[in-house]
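Below you'll find a set of structures to go through.
Next come two complexes built around subunit A: one with subunit B, the other with subunit C.
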Partner chain A sequence: MLRYILRRIAVTIPILLGISLLIFVSARQISSPEGQLTLNPRIPPEAKAAYIEALGLDRPWYEQYLTWLGNFVTGDFGVSLVKNGQEVWPIVQSALANTLLLAVVSIAISLLLGVILGTVAAVRRNSIFDIVATFGAFVAFSVPVFLSGLLLQLIFSVQLGWLPTAGIYSPGQQGFDLVDRVEHLVLPGTALALQLIAVYSRFMRASMLEVLEADYIRTARSKGLSELRVISQHGVRTALIPVVTRAAIDIGLIVGGLIVTERVFQYPGMGLLFLDSLFAGDYPILLAVTMIVVLSVFIMNLVADLLYAVLDPRIRFA
Partner chain B sequence: MTAPSRGSGAPLIDAAFAEPPSDDDLPSLESEGLAEKPIPLWKLSLRRFLRHRMAVISVVLLVIIVLSAVFAGLIAPYGETQIIPGRVFVPPGADHLFGTDSIGRDNFSRVLYGGRISLAVGVSVAVFSGIIGTIVGIVSGYFGGRLDSFLMRFTDTALSLPSLMVIIILARILGRSVFNVVAVLTIIGWMPLARVIRGQVLALKEREFVEAARALGVPTRRVLSRHLLPNLVGLITVDISLAVAVAIIAESTLSFLGLGVDAASTATWGNMVGTSEGFITTAWWLVVFPGAAIVITALCANYVGDGLRDAFDPTLKS
Partner chain C sequence: MSLDTANRKVVLSVKDLHTDIKTENGVVHAVDGVSFDLHNNEVLAIVGESGCGKSVTALSMLKLLPKRVSKITQGSVMLGDLDLTKVSDRGMRKIRGKRIAMIFQDALTGLNPVHRVGDQIAEMILIHEDVTKRQAHQQAIRLLDQVGIPNASERADRYVHEFSGGMRQRAMIALAMALEPEVLIADEPTTALDVTVQAQVLEVLLEVKERIGSSIILITHDLGVVAGMADRVLVMYAGRIIEEQSANGLYHNPMHPYAWGLLNAMPRVDEVLSDHLASIPGAPPSLIEPPKGCRFASRCPMAEPVCEEVYPEVIRVARSSVACHFADRPDWGRALWNAEVMS
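Right after this comes the complex of A and B.
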């Protein structure tokens, strides 16, 4: 197993280097601090030159890339161009924590509900429940995230006044307050969960239908086990494997995939930081955010593959 | 070892709605076959499609939506950018079916005109992605070798990243225009289909009829176009119709984030919702009507895709 992990990491490194180069070129393409400096006539030319030299912007791009890469690998993420020269890492760190909290809570709830819905839909195939659940999933796949987010805000914040519209704390809130923090999680979490429940319930249904055809299910039935036991002990266990690994992959993806949800609810996570730095041309932050997203995707893909092998004894590492 | 499927967009829906085949889906021998005259394949397909009630309803709705966008000039009571003096934020009513916006433009007319761009983008992205994906998939699967392993490693890596983040970066680099939105979505969109087609070609090229054709000295181009392609038509058509839904949602998301078609010059359903976000508390109709247009169109496209899957090949369900 350890050898498998090491080999996977070794294969991944050149891919990561290639992606980092692409990201660096794109980020520098999007943001040009040199251009922004020339826009402001009040900056004296000497200060401009000093700034450009300090950032190393006058050097060839591959030198800039290698310097950045060296710093990144050693944990030096640089300084924000926009936010008064703040260190990048603390900004990214708090965004990452916010996003992971939202993602993990939402995925856990979606997984639970999705597995229940999918199992019932599979066991009672073609029943009213199955038809309604299928229709619900089709609708969920057809609603853009920004729209469901806006509608949730309209109904639960504006009309009913139950929940806050945006942010993670109420204005004027000092320090940590569990109730306030959870209240701010409900709407963005629901917007995300509506989609995830649809995905997981469909996966679970398909997986469960396949499992129910298997020989060992017939064996379990013919042993005289109760139907509830057959389904819960023998069926769900096996059918869960692809769904759980899918959820593991989702944790990695969602670190970068919550862009729209975080934007609608002004939730200060990785997605919002990504958009802000993209529009502000703050490339040190943009680079750090995208690289961390890419890393988390690769790590969670590896975790998913390992999880697959641990859960399913039929799979062995080659 | 096998990894769980991790495609995004269309194949996700494909996998999520997959069903194992059941006996009643297959045409029984008594009812449709072994008669004096064989029933042509397209007739069988059409019959199976018509049996999918939601798909048939969706086709009718889509025709209405497309026609009302095409003939927006005749149907719309006002122009796309026409400002009606003194009619700001009029709620939906007899004069203005969907109300008016913040500068006094008729929302109903704008939804009709906006449909032109949204539908055109959705269909062109789906068709271009379908063509590129088919070509790459066939070449990669049939010829194999180094090109194949490069292409598959490339798409595997690209598809494992959060697609929205990639799309946003590309859109930001290219700039805002209808053409660029189509280009960006196509750059990402062809990959899932290419992988599915490749897998199918790998299986097909070992089949006897392909071997027979090759043994008879049929030129490779003809083997590809006459023996492989017809067997892929079902798969491609299903993918294209599901991809329309994905592309319409992606276009609207880009426009919502201010990275799609510029709202100042051209209305699309996405940028109509995006520019009205701030008015959600005062003028819900500016969000709800273009939003509903997106959802209904995407839902119909998804149902048509589902119906086509049933129609072309009941065994595709597994």
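Right after this comes the complex of A and C.
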């Protein structure tokens, strides 16, 4: 088991190196943080030169990359190129916390609802419930977030005025306020959850249908168990395994993959930070975000694999 | 093995059972008028080829067929004074496991892969009896020990994939015997096993039968298993029972041409093997619209026009019965089968 984990970690290192190089080169090619200085006539040339030299932007690209890499592996994420020299790590940390909160809350709720919907749909296969759930899932899955998000904003914020449209706190809010924070979480969370519920309920339905055909379900019935017990103890318990591992993988993906949702709701998470730093050519932030996204995908995939082994006694690692 | 079943109490009595199964191609009359009595402490074998309705008969008795696609359309299944075809779902739950238990073919798929074996046995005990979890678990270990699983207390905490084939089937038997049911239905209990392990498992099954004094319905297509285990045999063909005999009688004096064919198709160690194994040519008829005459007629070497037209009446001879127009001419059957094999 430990060997397995170590081997998986070893495989990730070259992937991280390759991706960081790729992102660095493309970020340096397509955008220029020094550009806005060059264009601004009110900044004296000496100041520009000092700035460029201080950040090492005049050195060859591979030197810049290796410097960044050397700092990165010692835990130094560097400073932002455009945000007045702020440290990168606190910026990324706060974005990561916001995105994780959104991801975990949405996935938890989606998993619960998706499992229930999928189970009932499978047990009552081809019933009205099943047909409606199937249709609803395809609609929810097919509507992109930039549409569903805007519709949610239009209905619940603009028309009804129940919930805020964007951000994570009301303007002027100082410090932490649970109610205000949750209110800002509802709409982006719902936009995300609509898709996830659709996915998980379909997944659960398929998994459950397969399990319900299994011989051990018949054995469970032949023992005199109630149908509820057969479904919950012997059906759901087994059918849940692929769905839960899928959800774990999703957490990893969502850490980097909420670009549209966060943009629509101006939610200051990893996706929004990625976009902003990409446009600004702020490669220290861009690289830090990318590395964390890659790491989180990797870690959650590993977690999913380990979870599989915990949930399914048939699986052991060699 | 006593054949004196006439004086024994009838435990389970199936009368004119009809079960339909809906398929995409139409309604299959999978069980089409099956009647038999199961006596106290006997082993009754049901033999026949795949799809003849053996398993559907068994599953119908416990009402374990999916309601969506199946229906008992006629007949009764009397367990004591209780007609199981009329018992509610809730009522059936008290019968299943407690009064009639089932042993399925493959324990690897028949036991839940993600629950410990001991827990699966304890679960059933807990549902039916007023015991604590701990007592149920102890009872499960005792049962596993009784069916010859070494180190039962440690094995009870293992999963089914960690058991060998024979051990799995023993565990399945331990589960079935847990509540000392009156009737054990064993559906192909040894088909998934190595030949060397088959005998051991059957031995365990017979021991269990003696210990808890139950009766066994043994469903199989293996006539070797029947010879070693059964007191009486029902031969099923295309949803109906075509012959009922003592096990001995079936081997020495089969009456229905199909029974002749089955025995003929069984390789024997005491005879020189001809260069190919004997078989019955053709396939059973579709049970969506079964033929009106004898269902075996199209494959029968001694069939005459009447066989295609009229379903033969069941003829009772002593304690045996047979459904064939020419049951009084058994020697014909053998001669014709032999001729068939030679040609």
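Here is the rule we use: the second predicted complex is superposed on the first by the 315 of 318 C-alpha atoms of A that agree within 3 Å, B and C clash if a C-alpha of one lies under 4 Å from a C-alpha of the other, contacts with A are read in each partner's own complex, and residues count from 1 in each chain.
Just so it is clear, a contact is a pair of C-beta atoms (placed from the backbone, for glycine too) under 8 Å apart; a residue touches a chain by one contact, two chains touch by 3 or more.
These numbers were taken from a predicted model, which means no experiment stands behind them.
Residue contacts after overlaying the shared chain place A:His184 against neither subunit B nor subunit C. Within the superposed three-chain model, A:Gly224 lies in touch with subunit C and out of touch with subunit B [touch as defined at top].
Subunit A is touched at more residues by one of its partners, and among subunit B and subunit C that partner is B. Of the two partner chains placed by the overlay, neither subunit B nor subunit C lies in contact with A:Arg28.
When the shared chain is aligned, subunit C comes close enough to touch A:Tyr216, but subunit B does not. In the superposed model, A:Leu253 lies in contact with subunit B only, and not with subunit C. Partner subunit B is touched in their complex by these residues of subunit A: 15, 19, 23, 26, 29-30, 134, 137-139, 141-147, 150-151, 153-154, 158, 198-199, 202-203, 206, 209-210, 213, 242, 245-246, 249, 253-257, 259-260, 263-264, 274-275, 278, 290, 293-294, 297-298, 301, 304-305, 308-309, 315-318. For subunit C in complex with subunit A, the touching residues are 62, 64, 68, 89, 92-98, 101-102, 104, 106, 109-115, 123-124, 127-128, 159, 161, 175. By the touch criterion stated above, subunit B contacts subunit A in their complex at residues 1-4, 6, 12-13, 15-20, 157, 160-162, 164-165, 168-169, 172-173, 245, 249, 252-253, 256-257, 270, 273-274, 277, 280-281, 284, 287-288, 291, 294-295, 298-299, 302-303, 306.
For subunit A in complex with subunit C, the touching residues are 125, 214-216, 218-227, 229, 233-234, 237-238, 241, 311-314.
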